[in-house]
Every structure is written in structure tokens, then in C-alpha cells.
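Each of the next two complexes has chain A plus one other chain: chain B in the first, chain C in the second.
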Partner chain A sequence: MRIGVPHMGNLYIPLKALLERLELDFVIPPANNRRTLSLGVRYSPEGMCIPFKLTLGNLIEAAELGADTLLMPAGSGICRLGYYAKTQEQVLHSLGYDAEIVSVGVSQRKLLGLLEAIKRLSNNASWSKIISAFRFGLAKLNVLDTIERAVQKVRPVERVKGTANKLFAQAVSATEQADDYKSLKRVQTDYLEQLSLAERDESAEPLVVGIIGEFYVLLEPFSNMDVEKELGRLGVEVRRSIFTSGWTKFSLFLNPLGVNEKDRLHKAAMPYLKRDIGGEGWESVGEKVLHAKDYDGLVHLAPFTCMPEIVAQNIMPSTKENIPVLTILCDEQLGKPGMLTRLEAFVDLLKHRRRAKVKV
Partner chain B sequence: MVKVGIPRALLYYQYYPMWKTFFGELGAEVVVSPPTTQATLAVGSSRVVADTCLPVKVFCGHVLALVENCDYIFIPALRSVKSKIYNCSKFLGLPDMTRAVIPECPPILDMDIDINKGKRRLYQAIYKLGRPFSWNPFKVRRAALAAWQAHREYKELMINECLTPPQAIARISGAEMPSPNPNQPAIALVGHPYLLYDEMINHRLIHRLEQAGYRTLTPEMLTAEQLETAITRLTGKPYWTYEEEVVGSGGHYLESGVEGAIGVIAFGCGPDSLMMDMVQRQAIRLKTTPFMSLTLEEHSAEAGVVTRLEAFLDMIQRKKRRGAEVCV
Partner chain C sequence: MEAYIGIDVGSVTTKFAVLDSNDKLVFHLYLPTQGKPIEMVQEGLKEVKKQLPKEVNICGVATTGSARYLAGVIVGADLVKNEITSHAVGALHYFPQAQTVIEIGGQDSKIILIRDGIVTDFGMNTVCAAGTGSFLDHQALRLNMSIEQFSQRSLESTTPVRIAGRCTVFAESDMIHKQQMGHRTEDILYGLCQALVRNYLNNVGLGKDIQPPVIFQGGVAFNQGIIKALREELDTEIIVAPHHEVMGAIGAALLVHEEMSASQQESQFKGFGVSEIKYRTSSFECKTCPNLCEIAQLSINGKILARWGGRCEIWEREPSS
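And now, the complex of A and B:
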């Protein structure tokens, strides 16, 4: 049995750590690239969203490398995600790969469901081994996200453009290589220090833009054309509330205990959207309402044909709380120059707005 | 008399008799928006973002048609009607979205329908819905029971007499409806009722098939058991509320010996992009029944639909003459 996993941002690093520690045979398909996308597009039903297409491309590439057990997240999350595995398996079979898709139900049984799935896959490894491997994976995830948060702060104000991005790339590969807690800790302190030492423009007061929208396109830079890096290059500080580590912490550990980090967002959205509509639609509306005061603008990312985000997009303009929102729909047709032009225009608008505000 | 508006779109085709009975029993007058026209679609799509799907644009047009002459508009948020099976986001957010894009809308009677939260919550929701019309819970209960009875009769009528929802609604309100001739060759239509029976958006598909000498079979004419067996065969456990209409009826009709099957979907429909794909794959696997999938959108010109339909019917004729293998 050889396990294959799809990509989502840097999630492959903690997954790799987990599978290595369990001594399982696995392949990580190549990072998302043009071939992944074109494979996904060619074999997906017309009208599917980009997360489906890219993960399908990943699974095909993993199958090419000999993977026969493919992990896919699933769950009755109301959006199409719960149906992905069914269709992707049929596509793989029709292409002649005899691979089985194991859908890991993350939304219903939370942590227990995930651990049980790992146990099944690992041929009944002992619980202590599974838990220690899982903890190590989580530790890597936390380090990556901590560094990324610091990178988001440095990007807009660095004197030498590209410093933060370079450091982040190094940090990612250092995290990948770290094989115990001690070296992992060192990676974190090292890179946080280097980032804090990066030469900055102290006088700059960067615009603050929140990135909201659908989970996958937020976290997979290939699908959103590196929108965060580009905003950073334009001198904008990016704030994002969705991080994989945060999601894991809440949805696996704290939500079952009754702590819900999203309650705040839901409460804010209440006057405009009273109910959960699946995906991240409710949260998108909530973030707009909540951050209208403290951010300069919002970039709303959604896959083309994403059902929850279309509803959110329809509701957002009618809120009393006013803040500019730029919606970018991500799919294989999204071109970088077009997106850059829109981002530049948006940033210009925010600058004018801030200047006008200062005058008043 | 209080007037309650019901838009002739989306869930109308499935639940109209039920809703009409409920509000009628509570002493309200039910107003239905007129059938879809080009103008309905145009005003509807001017309100929502471009990516919104065709049926929702049509829905907004129907709400706008009711704005002037109603005291309330009934728009339920139908989340789940079967345990652990959920509906598309657009249905879940429908009342909120309508409120946002049509601010001049009269008060919206919205109710959450979610069977997973238990019967108690459902009863509470029904009572809350009846509250503007009556303070008496027993009266609301009586109305709800009558509505439920009307719904059952409506469904049985469609199954037993092979009627489409518009025909059944006409029959219930007393019009004479000729029963279809069972000896005619049949073409199955697979898809959501709001696509199959809205003559404007599907360019009078059923009428065209009738003119060509075929009778049409639609998902509503199948029993719950038939639909369920077909779903189990194709995808295992259902995931979407409307999986029956698409995967269930598609799976059933492909093996029922009809002359051909047409899958009708709206461009950009999330669930359909996956469900119709399942049906299409099954058609390719079986190679017994010709299958065509027809995607509707607001720009689809009538001539294009007609040409494809003619080609499809020609193919069926040719297949009959030669006994050739099926094209899908």
C-alpha cells in the first residue's frame, strides 16, 4: 500500500512528518503546477470549482507515482466537498488507475475520526505511536503558520523587496527537514529573529487589507496567483484569519468542547445572514461586518461557481458597515496580469480613501 | 385579506399545493407570480452578481413581480428534509439573499426547515410561520396537517397518473387535463423541476418533445423506492437533497427502456456539475439508452437548443432503424 495526498499550501510538510513517523510508504505529488491544473481541468466535470480540479490533478500525479491509497478530506460540509471523493474515484478508475480514495471525514467525528482513519491506514500501529506522530505533525504546522504570520508583517515594509519571501521559502524547507522538536524550535526562533532583523522602512504606514473567503483558495497560493505576495509587494499588510493550524486547533480540539472561535463572526453577520450556508459563506459576511472599522479594505477570494461564496457576495454590498471589497474569482482562466491590474487599482483606491479620511 | 406571495420559481414546483393549503387554511390569500418571461429574467439578473445561477436570477425576478401586490412573501430556507442530507447553499441563504438584493421587498416569511434539529424545532418553525395569521396554535396545527395531506395527494397524483407538476397543479385547481397516451414512445427528462417546467428558461422543451410525437417522463413520476434503488446503485448514500431528481431519476430511466434521456442542468449549478456527471458516466457504462446533457443559461439561444434537440431525436430514429450502438 502506498499512500498519496493532495496539496493545500504547505500542508504537505506536517502530513509528511506524520506519515514518516508512522513508517508508512507514501508519495507527495509534485507541488501544484501548470500540469497539475491542466490534468485536473481535463478530467473534471465542467463547472467544477478549482479546489476540485487541483486536488484531482494532485491525485492523478500521485497515482502516476504509484500511490494506490489516496487520502481526501470529506465531510458533510454542505458545499460540494463531501461529493469530491465519489467523483474523483470514478475519474481515476476511468483513467485506468486502480486506486482507492479514503475519504477522511473531518467534520463529523472531529479528532477521533481523523485518528481512527490514521490507525486504519497504519495497519494498527499503537496509539502512542500515532499520537506522537500526530503531535509532531501539528508542531510543524504551528511553526509554519507562526513564521507566515511574521512574514505577512514584514513584506509591506521591507527595504529590500523580496527579503521576507526568500526567508519564508528557506524557513519552509528548514521546517520540512527538521526531524525533532529541538531543531524545529530552533528553526522557529532563527527565522523569526532573521525576519525581525530585516531592514524596514520605519516611516511606512502600510494599508491593512483583510483576506477573506473560501478556505482552499485562501491557503493555496497557486490557486490565487500569490495574491498575498503581490499585495505585499504593493506595500499592503495582509491579515488573514484562516490558518491551517488555527483550523486544526479549533475544529479538532476546541469545537467539540464547545468553544467556537467563529461565534463572533456569526454574531456579526446575524443582521444580514441568519444561518449557516455551508463553506465559509457565513464567516465571509461576518468578517466584512466585523472588520469594516479596523481594516482599509478586504480582498474576497472565492473559486468560480462556489455556492456559499456567491450568496455571501450577493449579501455583502448591502451591509451598513462600509468597507471596499474586491472579489476575485479563482479558476483556471484567472490571468496574472489581469489580477495585478485589479489589485493595483484597488490599492490606489484604498490609498485615496485613507488620504481623504486623514483630511477630514 | 392578507396576501401572501409565492414566487413561481425554485421550490414552487415541488411544494405549491402544500403551501397554498397552509396559508389558505389560515385565512390568507395566496398570490403566485405570473409565469417567467424574458423581462422576469432581465430584472432578476440586474439585482444579483453575475455568477449567480440562472434559477436564482429567475427567482429574484419573480419576487420583484410580487413586491407591489403582497403583504408578505414566503421564502423558506430549506436546509434538510432527510437526515444528514443537505441542500445547496443558495437555498439555505435564499431569504437572506433576497432581503439583501431586493430591499423594497415586503416582509419575508422565512422559516428554517432542518430535519436534523429534531421534530420539535420543525413544529416550532411551523408555528412561528403561522403566527402572523393566527395566535391559535391548534388552528396552525390544523392548517399544517391539511397542508401535509395536500402535499401527499399531489405527489400521489403525479406518480399514479404520470403528470408533471404544472399539470397536477392545474388538475388540483379543477382544470381538465388530458392524460398522456401510454403507447407513445417516451423520452425521460432528468433534472430539477425548476428547470424542467419553466418554459421560458428551457425553451418549451416538453412542448417540443410532444410536437415530435414523444411523451415525456420526469422525475416526479417515480416512487421513492425506485429513486432510492437507483441512487444506491450509482453513488451509494445520497448527499444532496435533490440527488433523487438527478441521480435517482437518471439512474432509473437509463435502465427503464425509454427511447432516450435528456439531462437538463443550469450553467454554474454546483451540485448538478457533479450529479449530472454521475448520470453521464452511468450512461456511458451502460450503453443502452441515448443520453444528452443540455446546459441552460441566460444567453442560450432558442435556435441552439432546438438544433441539438432535433439532432438528438434524429439519432434516436436512426438507432431504431438500424439497431446501431448507442452514442452518448
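And now, the complex of A and C:
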């Protein structure tokens, strides 16, 4: 048995750590690239969204590397993701790969199911071994997200453009290589320090833009044309609503703090939308209501054909909490120059708006 | 004389606007891009040089439009600005009270909402170029008339026919169908104008609060049929901006004037001599990682001036010799 996993941002790093510690045979397919996308587009049924296409491409590329047991998230929410694993399995079979897709439930109450799936895959490894591997994976995830948060703050104000991106790329590979808690801790301290030492424009007061929307296109830069890097280049500080660690916390575990951020968002959205509409639609509306005051603007990312986000997009203009929103539909048809034109115009809009506010 | 040049290199046309130090338009130029952005920028500059007095001092140059980065490197632009902001600034210069700007160009169409002199929202056509200038051009050509004749003829319509405007490919088959049924050409032309306006409002203008005064600019604002259809559909006066076809270039020139006055710096303009230089563009696939980015580069005599198109920074460092 050889395990394969799809990509979503840097999620492969903690997954790799987990699988390594369980001493399982596995492959990580190449990072999302043009071939992955064309494979996914070619073999996807009509009207599928970019998360489906890219993950399908990953699974095909994993199968090419000999993987016969593929992990794919399913469940949570009412979006089509619930049946992606089944559909993708059929596509793989029709392509002649005799691979099984293990759908991993990712909703708050399914942690046990997930651990059980791992136990089954790991040939009945002891629970203590599973838990310890799991914890190490999560530790890597947290390090990555902590460093990324710092990167988001440095990008807009760095004197030498590209410094933060370069450090982040190095930090990602150092995290991947770290094989115990001690070296992991050192990676975090090292890179946080290097980032804090990066020469920056102290007088800059960067615009703050929240990135909200569907989790996959938020977390996979390939699918959103590196929207965060581009905003950083334009001198904008981004605050992303979902981090991989946060997402797994919401979806894999009961929130350890007991205060659920999602509840807060749902409550804020209540006057405009009273129920879950699948995916992150309800949360997107809530983000707008909650952050209208503290951000300069919002970039709303959604996969093309994503029903929950389309509903959210059409509710957002009518909230009384007012903040500019730029919706970007992510799809293989999205062209980078067109996206840049919109981002640049949006940043100009936000700058003028802030200047006018200061005057008043 | 001090002058500021705005250059708007669009998909179909290339526009030049020259302003004096009082922001008065002293010269403007409208050329077909013909898929040769570099040559057109060079040709335009030659023309600009001819028209301006000898002792002119170029204090700032800005580029805008879809080839703004390319054009910016060639002329040595002080400012490279997106066309949405440029159009808004141009419109506000002539109409400080403007609340809505409709801009329809060769390949794209935009709507810009303005309140109290500040842009509050904008929209741009996304996946489809339905209803833009190049489609109208194409239909005029197919009916064997100039775009000017198209414009005049559509006004003669008395009973416009309904044409499906959602997609230009289907709009064309629908038009041909209506022709073969024996409808009058002017009725088909105006029906097409109505269809395109409907499509624009339901696509680019979807969910936007369109308030008067409505300013109409871009090349398509030459078309009387479209103006009439917009007026009927929106039930408000449509103000066609003076020099509407070069408004993006004017906006860019205004912006660079503002910026140069604020920074008190010398212009990086490379001079009118760039018209004589032979530029070469080429592209290659970067094989450093599996992303296989398409990198485009601009060079003179083998010396790389600029590179674009990578997902990471490795090609973006200052071009080495």
C-alpha cells in the first residue's frame, strides 16, 4: 500500500510528518503546476470548481507515482466537497488506476473518524504512536502559520521587495526538514527573528485588507494567482480569515478554547443570512459585518461556480456595515493581468478612501 | 512649455494625451494598436514630437492600458497606472459631479461608481468580451459598412428587432437569422445596440447603483446607437465626455502631473529618441520548478530590459547586462 495526498498550500508538510512518523509508504505529488491543472480540467465533469480540478490533478499525479490509497477530505458543510472523493475515485478508475480513495471526514465531530481511518491505514499502529505523530504534524502546521503571519506583516513594508517571500520559502523547506520538536522550535525562532530584522519602511502605514471566502482558494496560492503576494507588492497588509491550522482546528477538532470563532461570525451575519448555506458562505457574510470597521477593504475569493460564495457575494452589498469588497472568482480561465488590473484599481480606491476619511 | 504625456495602450487602440502645466489638453492622438504595441508607442511619440514646440520640457510620462508595463519600460514612464483609476481621474477632471462612469473599449468594458469625488466601487467584464468595440467593428465589417455608418444607420431604426446579446457568438448567429428573415438592416443594428447595452448592464453593471450624472467614455462612445440605447435603458441623460476616446490617457497624464509635483523629481522619460530604437520581444518557459512559468522579455541588442510573468522573483531582479 502506498498513500498519496492532494495539495492545499503547505498542508503536505504536516501530512508528510504524520505519515513519516507512522512509518508508512507514501508519495507527495508535485506542487500544483500547469500540468496538474490541465490534468484536472481535462478529466473533471462539466462545471466543477477549481478545488475539485486541482485536487483531481494531484490525485492523478500521485497515482502516476504508484499511490494506490489516496486521502481526500470530505464532509463538513453542505457544499459539493462531500461527494468529491467518490467522483474522483470514479475518474481514476476510468483512467485505469486501481486506487482507493479514503475520504477523511473533516467536520467538528469527526476527529475520531479521522483517527480511526489513520489507525486502519497504519496497520493498526498503537494509539500512542498515532497521537504522537499527529501532534508532531500539528506542531509543524502551527510553526508554518506563525511564520506566515509574520511574513504578511513584513511584505508590505520591506525595503527590499521580495525579502519576506524569500525568507518564507526558506522557512517552509526548513520546517519540512525539521525532524524533532527542538529543531522545529529553532526554525520558528530563527525565521521570526530574521523577519523582524528585515529592513522596513518605518513611516509606512499600509492599508489593511482582509482576505475572505472559500477555504481552498484562500489556502492554495496557485488557485488564487498569489493574490497575497501581489497585494503585498502593492504595499497592502493582508489578514487572511482562514489559516490551515485554524481550518483544521475548526473542522477536525472541537475548538479547544471553547469559544468558537465561527459562532461569532454566524451571529454577526444573522441579520442578513440566518442559516448555513454550505461552504464558507455564512462566514463570508459574517466577516464583512465584523471587520467593516477595522479593515480598509476585503478581497473575497471564491471558486467559479461556488454556490455558497455566489450567494454571499450577492448578500454583501446590502449590509449596513460598509466596506469595499472586491470579489475574485478563481478558475482556470482567470487571467493574471486582468486580476492585477483589478487589484491595482482596488488599492487605489482604498487609498483615496482612507485619505478622504482622514480629511473629515 | 512644460508638458505631461499620458499613453494608453489598449488592445485595439493606442491613445496619447499631452497636457500643459495647467492640465489643459494641448494634443491628443488615437491610433490602431494592430497587435504591435511597441511600434505604435514609437510611432505615436514621433507624432507627439512633431506637434509640440521645439523647446518643450517633458516633466512626466505615465502609461496605462493593458500594455502599460511594456509601454512603461519603453518610454521610461514615471508612473504606470491601471486603466480603471486613469479613467476615473479623467472623468472627474471634466465632470467633478460625476457619479457613474461607463467605459466601453475594444476588449473590455468597465463601470466606475463615484460618490463625492471618490471611487467607491468598480466592475469590469470578466470572462467574456461581449458587447465591446471589437465585436461592433466586426459586425460593421460583416455588413460591409464602416463603424461610422453603423452608428448613423442604427439611429434610423423604427422597430428594432430583439437580438440575444448574452454571447457574441450567438448574437452573431441571431443577427444572421434575423437578416435572412428579411428584417431591415437599421432595425437589426439598433437591436444589436440594445442587446449589448442590456448585456453590459446585466453583467458589468450587475448590482451596481447607477446614479446620474452618467459619463460615457471609451471608443464605443462614438457610437450613436449605443448612446441612444443606454439612455433608453437607464432612463437618464448620458453625457459623452469630450475627448472620450483618449480619456484614459488624459487621466494618466493628470496623475503623473500630480505625482511629479508632489515628489519634485526629474522625469525618467527616455526622450523621443526611443522611436528609433529596435526592440525585440521574446519569451521562454522557466524550468526551475514545476510551475513552468511563461516569462516574456524585452531586449535591445541582446541586452535584457525587463522580464515579466513569473510566479516567483527569480526573473524579476534588476536585469543584468
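Throughout what follows, the second predicted complex is superposed on the first by the 347 of 360 C-alpha atoms of A that agree within 3 Å, B and C clash if a C-alpha of one lies under 4 Å from a C-alpha of the other, contacts with A are read in each partner's own complex, and residues count from 1 in each chain.
Quick note on the criterion: a residue touches a chain if its C-beta (ideal position, glycine included) is under 8 Å from a C-beta of that chain, and two chains touch if they have at least 3 such contacts.
It should be emphasised that the depicted structure is a prediction, and the values quoted were computed from it without experimental measurement.
K.L.:
Do chain B and chain C fit side by side on chain A after the overlay, or clash?
P.N.:
On the superposed model, which is not a single observed complex, chain B and chain C fit side by side.
K.L.:
Considering only the touch criterion stated at the top, classify A:Gly47 as touching first (chain B), second (chain C), both, or neither.
P.N.:
Only chain B is touched by A:Gly47; chain C is not.
K.L.:
Looking only at contacts as defined up top, I'd like to know whether chain B or chain C touches more of chain A.
P.N.:
Touching more residues of chain A than the other partner does is B.
K.L.:
Looking at A:Gly82, would you say it contacts chain B, chain C, both, or neither? Reply first, second, both or neither.
P.N.:
So A:Gly82 only meets chain B here.
K.L.:
Kindly classify A:Lys262 by the partners it touches after superposition: chain B alone (first), chain C alone (second), both, or neither?
P.N.:
So A:Lys262 meets neither chain B nor chain C here.
K.L.:
Check the residue A:His352 against both partner chains and state whether it touches chain B (first), chain C (second), both, or neither.
P.N.:
second
K.L.:
Once chain A of both complexes is superposed, is A:Leu273 in touch with chain B (first), chain C (second), both, or neither?
P.N.:
Touch partner of A:Leu273: chain B, not chain C.
K.L.:
According to the stated criteria, A:Thr341 is in contact with first (chain B), second (chain C), both, or neither; which is it?
P.N.:
A:Thr341 sits against chain C, while chain B stays out of touch.
K.L.:
Given the touch rule stated above, what does A:Arg149 touch, chain B (first), chain C (second), both, or neither?
P.N.:
Neither partner.
K.L.:
Of the two partner chains, chain B (first) and chain C (second), which one does A:Lys119 touch, if any: first, second, both, or neither?
P.N.:
neither
K.L.:
Classify the contacts of A:Asn314 with the two partner chains as first (chain B alone), second (chain C alone), both, or neither.
P.N.:
Both partners, chain B and chain C.
K.L.:
What angle, in steps of 10 degrees, lies at chain A between chain B and chain C when each chain is taken as its C-alpha centre?
P.N.:
Spelled out: centre of chain A as vertex, angle of 80 degrees.
K.L.:
Quick one: smallest Cα-Cα gap between chain B and chain C in the superposed arrangement, Å?
P.N.:
5
K.L.:
Where on chain A do the contacts with chain B and the contacts with chain C coincide?
P.N.:
Shared contact residues on chain A (touching chain B in one complex, chain C in the other): 314, 317, 329.
K.L.:
Can you check the complex and tell me which residues of chain B touch chain A?
P.N.:
Counting only chain B, the residues touching chain A are 48-49, 51-53, 77, 79, 84, 86-90, 92-93, 95-97, 99-101, 103, 110, 112, 235-236, 239-240, 267-278, 281, 295.
K.L.:
For the complex, which residues does chain A have touching chain B?
P.N.:
Those in contact with chain B are residues 45-49, 76, 78-80, 82-83, 86-87, 90, 94, 272-279, 281, 304-308, 310-311, 313-315, 317-318, 327, 329.
K.L.:
Which part of chain C faces chain A closely enough to touch in the complex?
P.N.:
On the chain C side, the touching residues are 66, 81-85, 116, 118-122, 124, 126-127, 207, 289-292, 311-313, 316.
K.L.:
State the interface residues of chain A toward chain C in the complex, per the touch definition above.
P.N.:
Its residues touching chain C are 30-31, 33-35, 161-162, 165-166, 169, 222, 226, 314, 317, 324, 329, 333, 337-338, 340-342, 344-346, 348-349, 352-353, 356.
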